[in-house]
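Chain naming follows the written order as A, B and C, and within any one chain the residues start at number 1.
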Amino acid sequence: MDLIVEYQAQLIAGTVMTIRLALTSLFIAVILGLLGAWAKLSNSRVAGFIANVYTTLIRGVPDLVLIMLVFFGGQVTINAIGAATGLWGYIDISQFIAGAGTIGLIFGAYFTETFRGAIMAIPTGQIEAGISCGMRRSLIFRHIIWPQMVRFALPGFTNNWLVLVKTTALVSVIGLQDLVYNAFTAGRSTRQLFTFMFATLVIYLLLTAVSDVLLRALERRYNRGVVRTN
Amino acid sequence: MDAVLSYIPLDITLIAENFDRFLYGVWTTLVLTFLALLVGGLFAIPMAIARASKHWLLNPIIWSFTYVFRGSPLLVQTYLIYFGLGQFEAVRESWLWDPILSSAWWCAFIAFSLNTAAYTTELLRGSIVDTPSGEVEAAIALGHSYYKRLRRVVLPSAFRRMIPAYSNEVIFMLHGSVIASTITLQDILGVGRWLNGRYYLAYEGFITAALLYFLIVLCITQLFRLLERRYLPHLRERDTTTDSAPLPGSIR
Amino acid sequence: MIDAPALQVNDLYKSFGDNAVIKGVSMDASRGDVISILGASGSGKSTFLRCLNLLETPDSGDVFLAGEKMAMKRNRRGHQVPVDIRQVEKMRSRMAMVFQGFNLWSHMTVLDNVLEGPIYVQNVAKAEAKEKAYAMLERVGLSDRAKYYPAHLSGGQQQRVAIARALVMEPDVMLFDEPTSALDPELVGEVLEVMSNLAKEGRTMLVVTHEIAFARDVSTKTVFLHQGEICEEGPPDEILKSPKTEQLTTFLSRLS
């Protein structure tokens, strides 16, 4: 316990990095997810095909493989393109960008499915009712589609977020100084790896528990006026 | 052929030369993943039953177990076992240390098994709880005892209904198994990393690994499609146009 | 013991919390009796039936099946519990139940549904059980559906399978809990027909139902439950044609 206190600055810095990474990834994932859902529901065959390839590929390849591919391979590729075209000079992809980009890309696929399901769950009758009231498209979206989509998407969103937070731990493998990395370094130098890894585990549990409580409260807010049938 | 190959920005020859290593990596990955799924799954069955029946003592204990293992990263769990346990002299001097707890393979296997046991417990618990109460009552009224009910009606029904969700767990476990490479094991990703390190390559090893994982996921998806056809015929729409057509039970 | 009634119920009480649902109901069924139990919803008729095979545990009262008493005792909290769950299971297997919602096991074929009892409760040899099961399916007119799954049958067919599943146990008493209430009107007839045939064979049956015609034409005795008590009972043509109580008169007038 004394050791944890001694190294608390390192642990806190790591936790902050983990949260920053998770939120950045989430931001990218939500945007990709909305795009993907739009593509899958659109009438465009090409967009639907691309979205399907995207989600299938992501489901087929483990997160850490993609992270390493982007971090080690992406760097070389981008600089090779830069050198060949002369458009840009040497670019350094940081662990943070590689991690957030890849995790965002991965969870974008999961959010695609979440959002697609949420939009499809809205009864068409309600949209027709809006039209028959003379509501304009933008009004229908803001007042009917969006609030219900949020409601239907929230449980999936919560779940994706909880998995995402845990996935960020993998970025420590490519050297990002997140919670796992800092705890591991501290544990190694003090020869107390169990203590530090256990503390890490507890911090992750706290992060997921707090997220869970907050997001469930949000779910309840959006579920007002909905009778539970089971 | 060489002309074609030269357009591909990958060093195919190097991959081909080391392909036997990759195959060995595939073997390591598959054995780790599926042994963990098997052992974790076997542990999950009694735990799910205890959770579903709200056993006064076991339920809170098992809930805590699944909460911890589902709420924290598999990487941290693996590190805790592989790097962490050695902190204690008692562990280092026990009989478990030499053959098991000092070995990366065993530590990965233990961590993966515990992790999938936690997820599978909750999946199966949900499936058991969702068993239609009327079907359980019919089994009671027939004269089945508690265990026969479980064995003949509740579990077979719950297992079947769980198949689609369990396919996700299998794929997630395969994805999670790459963590083995972070504790020195030569699984698929481990070989990929080795190849890149050995020949100073940027992505050949990772691309090959990604392809191999992708193929395995395809096989798993296909396998589960077959399982669903075989075990979930009662949830499929039946073809009503030809009433004397082959019966669902006889489609193999 | 040979003269013991097929089923005898003495002074049964059951409440859910503060809500007393069955308040001292007694009933005798001799071999071959078909007793229809009528009553408005909330009169406790289904609960009564479910107390007989202990799907609900009665607060007090005795149930005898062919003279054998279902042995109950009180636990520390004063609740009735079975003395020997084995005996209860054995007795349940001798009074087969047909449910309102059919409750066929959805993951088993029709044949497996019917085979379950003989093979796994009565330990009948597989070949013999199969023969019996097919005979029962023949009786309800569904032997050509043996390999189907319940979800692929109509409601009426499902209920007939459920009757075959009950019948194959060769029970002393058959309990029917509103067997036609969940059916589309056009499917009610086929189920009632199967039940009438069973009655003609001399099966002992307790039927909770809303079908007045069935009560009048098929049953040997009719019981009218009102607020957890027997309000009127007797031969169907007597009590249905000239009800003595106001409650039964109101009940009948609402139905027609």
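Details
Methods note: a contact is a pair of C-beta atoms (placed from the backbone, for glycine too) under 8 Å apart; a residue touches a chain by one contact, two chains touch by 3 or more.
Just so it is clear, the structure is predicted and the values come from calculations on it, not from any experiment.
With every chain reduced to the mean of its CA atoms, the largest distance from subunit C is reached by A. The highest number of C-beta contact pairs joins the chains A-B.
Chain B has the Cα centre that lies closest to the mean of all protein Cα atoms in view. Between the Cα centres of subunit A and subunit B there is a gap of 23 Å. One finds 55 Å separating the Cα centroids of subunit A and subunit C.
Between subunit B and subunit C the centroid-to-centroid distance comes to 46 Å (mean Cα coordinates, whole Å). Here subunit B touches subunit A in the complex through residues 67-68, 71-77, 79-80, 83-88, 171, 174-179, 181-182, 189, 192-193, 196, 202-203, 206-207, 209-210, 213-214, 217-218, going by the rule given at the top. Per the touch definition, subunit A reaches subunit B in the complex via residues 57, 59-66, 68-69, 72-73, 75-77, 162, 166-170, 172-173, 180, 184, 187, 191-195, 197-198, 200-201, 204-205, 208-209.
Here subunit C touches subunit B in the complex through residues 53, 55, 85-86, 89-94, 96-97, 99, 101-107, 109, 116-117, 120-121, 147-152, 162, 165, 169, 175, going by the rule given at the top.
Interface residues of subunit B facing subunit C in the complex, by the touch rule stated above, are 132, 134-135, 137-145, 148, 152-153, 156-157, 160, 231, 233-235, 238, 247-250.
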